[in-house]
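Consider the two complexes below, in which chain A is the common component and chain B and chain C are the respective partners.
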Partner chain A sequence: EASGIGRDHPCGSFPTHNTLRFCEALALLPGCGQAWGLTLPTVSHYRLFPKALGRLVAALGVRELHLALTQGFWRTRYWGQPPLQAPAGAELWVWFQPTVTDVDKAWKELSNILSGIFCASLNFIDSTNTVIPTASFKPLGLANGTDHHLLRYAVLPREVVCTENLTPWKKLLPCGSKAGLAVLLKAERLFHSSYHSQAVHIRPICRDASCLAVSWELRQTLTVVFDFFSSGQGKKDWSLFKMFSRTLTDTCPLASQSKVYVDISPKNKEKELLEVSPAPTSVHEAIVQGDKKTYAVYDLLSPSLFNTSRSLNVQLKWKRPQDTEMPIPTLHAQRYVGGYGLQTGEICTLIYNTHPYRAFPVILLETVPWYLRLYVHTLTIITKGKENKPSYIHYQPAQDRRRPHLLEMLIQLPANSVTKITIQFERALLKWTEYPPDPNHGFYVGSSVLSALVPSVTAMKDMDVEQSPLFASLFPSSDGSSYFVRLYTEPLLVNLPTPDFSMPYNVICLTCTVVAVCYGSFYNLLTRTFHVEEPSRGGLAKRLANVIRKLRGVPPL
Partner chain B sequence: MITDVLTAVALYLAIQDFNKVVFKKQKLLIELDKYAPDVAELIQTPMEMHYIPLKVALFYLLNPYTVMSCVAKSTCTINNSVIAFFILATIKGSAFLSAVFLALATYQSLYPLTLFAPALLYLLQRQFIPIKLKSKSFWLYTMQYASLYLCSLVVIICLSFFLLNSWDFIPSVYGFILSVPDLTPNIGLFWYFFAEMFEHFSLFFVCVFQINVFFYTIPLAIKLKEHPVFFMFVQLAIISIFKSYPTVGDVALYMAFLPVWSHLYRFLRNIFILSCVLIFCSFLFPVLWHLWIYAGSANSNFYYAITLTFNIGQILLISDYFYAFLRREYYLTHGLHLTRQDGTEAMLVLK
Partner chain C sequence: MAVVFGPGSVPGDLPRPLPFRDVQEMEISVNLRTSVTSRYEMRFRSTTAQEEAALAAATAREADAALHPLQNTALGSLTMYVLPETSSLLPQGTNVYVGKHRSALVRAGGSLAALQARLREVTQVMSFTASSIAAALSDRVPDGQLSPDARRYLKSSLGYEITFSLLNPDPKSHTVDWDIEGAVNRYVKPVLDKLSLVANFSVDSQILYYAVLGVTPRYDKESSSFLLSAHSLPHVINPVEARLGSSAASLYPVLNFLLYVPEHSHSPLYIQDKDGAPVSTNAFHSPRWGGIMVYNVEAPASPQASLPLHVDVDMARVMEVFLAQLRLLFGLSQEEVPPEFLLESPGNEGLADWELDHLLWAHTVENIATVSTTLTSLAQLLDKIGNIVIKDDVASEVYRAVASVQSAVTELSLGHLHGAFQASKEAVTSSERAFFDPSLLHLLYFPDDQKFAIYIPLFLPMAVPILLSLAKIVRETRLRKKEPTKMD
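Moving on to the complex of A and B:
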């Protein structure tokens, strides 16, 4: 089928500060399924959609899959609101289809297969770090009923992301890293950054506005922060060559759209603060995440863009020095561990609502490993000095070595306030084989997830999905007045008391000695009886001693 | 705290009754000429025994261990009071109440099951039924008592089932006690042992440690069949040393009985050193815990060493009392001033 094949090429957007946001790669796949309902199409054409993922989705009955591998933490205060945040480490959440009977088995198989595809240790995902959220993580694609037992969420905060994770991600692109925007993605520059996040999202979507046919959509996103200012290069001017040490030369022939977006939003209504070269193909204005933003668009498919040398190097120069102040986002959060010593502690989460007059609710999802025993009766939520009662709490206590704690709450955040959520915990002593190789480094607690519909300060108009599908998927909004935000807090590093790892044999011997002391004393007292001591004639030693004593002239024994 | 007071009251009444039993038995044995002629100073007199019940109650209430478990709001005090009521019921001679309280105590933590044997021996003694394996009345009474105990245990467990509507509590409660999954440091021997255990041998050593608690019952029953209350004391001590999650409240319970055996004082060999060991260890426990967990300047081995020393102190204390008890029994029947064949003063040895 010829209709519906579209393959949007990765595009980039470059805002005023030195962050780089790559756009998704969209792959719309023709399906052979029915025209209505939620019968998901079977994947059979692999010209654009990678075969590995297509077969995986079909075989395991996956409805939606979201995998993110992140190195670093998004600093909301310095870099603003993230377009698509992911927690540090690896995060995987999957909605299965209702036809799957054994969801846990499918989940285990899925994490193992993905671990092979992406060269990440996703095989460490098991029941001790998987949870079933009830309110967060609603499906992002088409959904027909949401039984939360079909959802699984796991995060591995200890996972390290490096070149060997980027390579399979790049291989999933139709042109690989040979043509199009992906030529910029070379590992030695990408990992020389403050934040690096690569993600894969698969979901079913309507093929057109009438939603008569359903397709699979695969989005691959890569978010990288090049912080030149802090890495000491002084000026905040940047160019593609400076960041990636190469320029764009060609477009991917399979792409139907290939665009680069540069954020040139003026601050404080001042014009001409910065200059981009070469001249953009067009300028696009939109309300993104509650703010009016202007984007310079470079359409790579237009023949006028590339000059004679077939290379495009987008550059941005600052005309006047700009202050480093970033606008504080409406919703941001922090989390830290309080307390001292290795016995108890306290997890404190601070959620800030900086909107001047609107209050809105936020769903907080916390997953705490079983070895930090939470005491839910110590949960306190305080806003502006008063107690704030959540309207919905779902708590699932942990079972030792079987499943983690799950705490989900719907909290109303008043306007212009700070909400502090604290919960106390106790640290368990583990068996010596359960400690990781560097036990005094500590144990990671995965980021908590905040999901909210944040009211925007500026009124938004509905995005026209058909005209710029790329942009709409980059910055989606359900209605004009608010936008959906999913934030992650910092992962925590918690120390547990450790036994002495050099002592197993000694401990066994000493403890068994104590038990043997008891056994020995009791054995003596139980099996022997008292007797009057009979004088013995003396053994050989005594006689020998007496002989020596007689020789010395000393009285005998 | 109320349970502590109840425990003390129960112990007071129990020991009062026990004293009367001891007197009667002594009188009987003197009349039967079972005692040697020169043991007058070993016989217990009413004068010295008058204050023993009060001493027992005070020993329990004023024991720092009891105060600590009261402050910590531990459920150990409930366990202790149930066991104290069981002892009271046994000494008073009521088989039904004794079985009910023993079932309650077993229901809470599995180990008081071993107290079945001393209770049975005491009740048989009280009913003047001789303990012979061939005797019909012995088996009849044993069956009666055992069936009372098992029935009350089954009733209590079924009540729990109806309250909870599932059998999940059995692996959670008894499976937890027996398989020791939680390794929080305590004053016992198990936690560090299983923290450092190779996974391959974990099941084997769990079984060994659990059998260790239960298997002293039969040999002690054979040796101490004439003295069931002392048997009960030794059994309580063994439970509180070797149970999987011991607490100082358990230690306080068996220490409350020490005034009852104060007449054994002259035969104790190491009492000074052992009491010093126990007192020093009690002081060092919180110090080394703080150093390990809060100050970070010690590691778990320090706390583990004090655990070992404390348990060795307790074990040697019990075996010392056992030795003294057996020695006094020997002297009672064979005379205090023993002479050898050639007339010189003799020494007693265990052979």
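Moving on to the complex of A and C:
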């Protein structure tokens, strides 16, 4: 049922991130990526699989569903390659079955129901933020045929993830938060972190090695980054108790596998700089994302673990302080908005390939809302001072208030290079009812997606799937020389020209005042009674003279 | 309704020679403005040769089976076979035998009046009674006049979802297995196939771990068991309910049937009724929600037996209870049957044909009442907001609902139960679609008081001169009244 990993990175300010993963169905076997003629099972009797999701999958003809809710941004440059990254906010991508006739309707219904299940505002997914990528997202489970018209992809960068999203997520686990690793997941600790990403992946997989029957697999992953360097007085030591303010006491009795992995990979071939306590059940070596990793494994199901002490509190201590930099990941990216003023602007994306001698292609997916009008003729891709022509471009222009821009490109990244992609845009004027609350905050543009097969520095051999940590198995590598990476860049915040929203009321006020003043004088004119005035008592001079005479005590004129 | 006189059973005081027709009407008043008229059209005739042969069977059950192919099989129709006073077909002491289908064997009561009184009782059991109509129209019955049972019945709906949940609060001690798929196919499906005329049903099941009841049971030293008293049962469901999972994918009401395997530390667990006696089925039901059954695991023979204990649930025992609860929730319990009645058990289908009719009558009446309520509240909404926009499709749904409900009433008065039920279902669908149309949201319309507030900058300065001149007029009239005394 569950396997967990606690990894340790001796990098600058983020020495630790801890990844805990839960998965209900286990066997993912390499080499059964194709299953022709196998029908997806329809289930109505559930044992471990949560019924709410199962019914959803059956009712709407879903083939594959990937939902991630994320708070914060994964800083690839400093934290290294993420095991499973997700863009800030909410991300949902779904493959539907070919039997679904109206995919858009099913997609709308699905996002509405998911928003109910996960208490997230996924109901804001509509045609203006949904795209149909052609190359970036392939089914991760069994698939016969990849007709991309059955795919829908949407990102809501504005979504705020909090406790109310975590509770329904925990409820999907067979043991809930009552037993097993999920006992650690207390909201007050998890959201006191630098990065929090929870995800649900549903896909069809082979039931066994012969692959004669298909099962549904549900993977629930949770990635949290704790910053111990800044909160722990400069010390990078951590323990389960320090992170979650509780320890592990038992396993979920339904779990067939329940493990904690701690990354204790030695850096720079030096002697081991860190020590874990208590002694791990075993040590596992694996090649994860092109890097040789050593994991201390705590198998919670092994009876010896809880024999000596009643609870397990994994601790990691550094033997001596050290500041070795994290190795820079082979592929990372950066994105920002350029330009000035409120009329035009420029989106710049920088993609870094730090591999010393290998070039590799990367697919870039860019989704831009319709109110930023992209000028495709200004698209420039420059690598090492020369223009880099993409070998594949798919561009779907936006339609106002109907659909966003979609730009997909396959770009070759030469070894040890930086590729700069710029495209200019014009900001559209929205109708005054289309502005969200607090429009001066700016408008989010979702992260762009980079998918690549990154050549690995270390040669990889076939891994023992049973042994390897679960997070490594969602994207099995096709051959030993490269591994799959999907990265998300920063979401952008763009200011649009915003009108003065109080103007209509000001106009009403002003007009009303003018009308009221006119009305008042006119009314006065109409209703006043005129009298013939008696001849005046003299001019101003006479009156003044009278005042002076009065002061002098002389009778007036 | 056909009343068939067997040989030797014709009462002497028949008004006309057989065959003839008779109509009986009775008004059931629900509240001051709603009443339902029940109208029985009776056709009196004597038996045919085939029926006579069938009635010559040895037992009532065989006669019922033999008579079935000879009957009118339309929904809502009834056939009564009147047997001579001395007939041995019915056991001693019973005067009426109600069969599995739409017929009954009735012992002739001597005079026609006695027979008619008996027939009236039979028709009320087999079609509907004032109380079953009142239950269907429970929204309109004034409070306090309704029997507590009436609130138990499920509201009429186009579909129902039935969820069987196995609650295992202690997976460390028990690994529980249940063959729910087989049990559903064997016990539940025949019933639902029969009920499919009433609504669409979907069945699913789930196993929930670490799901505990909301009440800690009391330990009873005498029986060394744990007890749940009747008054604590209402608190049992709430914490479980949160785990059951809402039916996000459909809008139909959900019927929950929970099988609870108590924790090892709370076993065995028994439910007590109001008098403190243990409930024999160890189960209870919650009105319009479903039922819960407690399934105790036998203690292991030796105390050293290793945990977890493997438990295989006896599905026959469980399903018997759940099906009885299902019948209860649909209002199919036969509690008010007079003592001289003998009811044939419906067998594997769990439901006799006439019970299905019983359900259809009630649901048709309820649907018609629902549609009229929905359309009335829609009309009230339109009265409240004068400038609401009714789109063409909403209007056509309303017209369709009205037309369907009218045709349902007509069909009902003609006794065409099936047609009436279908029309009432269409009426419900159309009226709900019209009522819940997103364009008819109350909040979409700008309230008048706020419009006034926006124009305050206009109204206020304009009011000032008017008010001042009013004050001036008042002052002047007052002055003018005083003036005459001052003049001169």
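Just so we're on the same page, the second predicted complex is superposed on the first by the 450 of 557 C-alpha atoms of A that agree within 3 Å, B and C clash if a C-alpha of one lies under 4 Å from a C-alpha of the other, contacts with A are read in each partner's own complex, and residues count from 1 in each chain.
In the analysis below, a residue touches a chain if its C-beta (ideal position, glycine included) is under 8 Å from a C-beta of that chain, and two chains touch if they have at least 3 such contacts.
On a predicted model such as this, the values are computed, not experimentally measured, just so you know.
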Review point. After lining up the shared chain so the two structures overlap, which partner does A:I382 touch, if you call chain B first and chain C second: first, second, both or neither?
Key: neither
Practice item. Mind working out whether A:I328 is in touch with chain B, chain C, both or neither, as first, second, both or neither? Key: neither
Practice item. Examine A:H531 and indicate which partner it touches, taking first as chain B and second as chain C; both and neither are also allowed. Key: first
Exercise for review: Identify the partner contact of A:I508: answer first if only chain B is touched, second if only chain C is, both if each is, neither if none is.
Suggested key: both
Exercise for review: Pick one for A:A359: touches chain B only (first), chain C only (second), both, or neither.
Suggested key: neither
Exercise for review: Determine, under the contact definition given at the top, whether A:L342 touches first (chain B), second (chain C), both, or neither.
Suggested key: first
Check your understanding: Taking the superposition as given, does A:L430 touch the first partner, chain B, the second, chain C, both, or neither?
Key -> first
Exercise for review: Determine, under the contact definition given at the top, whether A:K171 touches first (chain B), second (chain C), both, or neither.
Suggested key: second
Practice item. Applying the touch criterion given at the start, work out whether A:I113 contacts chain B, chain C, both or neither, answering first, second, both or neither. Key: second
Exercise for review: Would you mind listing the overlap between the chain B footprint and the chain C footprint on chain A?
Suggested key: 508, 511, 515, 517, 519, 524
Exercise for review: Using the touch definition up top, name the residues of chain B that touch chain A in the complex.
Suggested key: 181-185, 189, 191-199, 209, 212, 216, 219-220, 222-223, 238, 241-242, 292-294, 296, 299-301, 304, 308, 311-312, 315-316, 319, 322-323, 326-327, 330, 338, 340-342, 346-351
**Study point:** Footprint of chain B on chain A - complex, ascending
**Key:** 340-343, 400-401, 428-433, 497-500, 503-504, 507-508, 510-511, 514-515, 517-519, 521-522, 524-526, 528-535
Check your understanding: Touching chain A in the complex: which residues of chain C?
Key -> 163, 171-172, 175, 180-181, 184, 202-207, 209-210, 243, 245-250, 308, 454-455, 457-458, 460-462, 464-466, 469
**Study point:** chain C partner contacts - residues on chain A that touch it in the complex
**Key:** 44-48, 50-52, 55-56, 58-60, 113, 116-117, 171, 174-176, 178-179, 252-254, 505, 508-509, 511-513, 515-517, 519-520, 523-524, 527
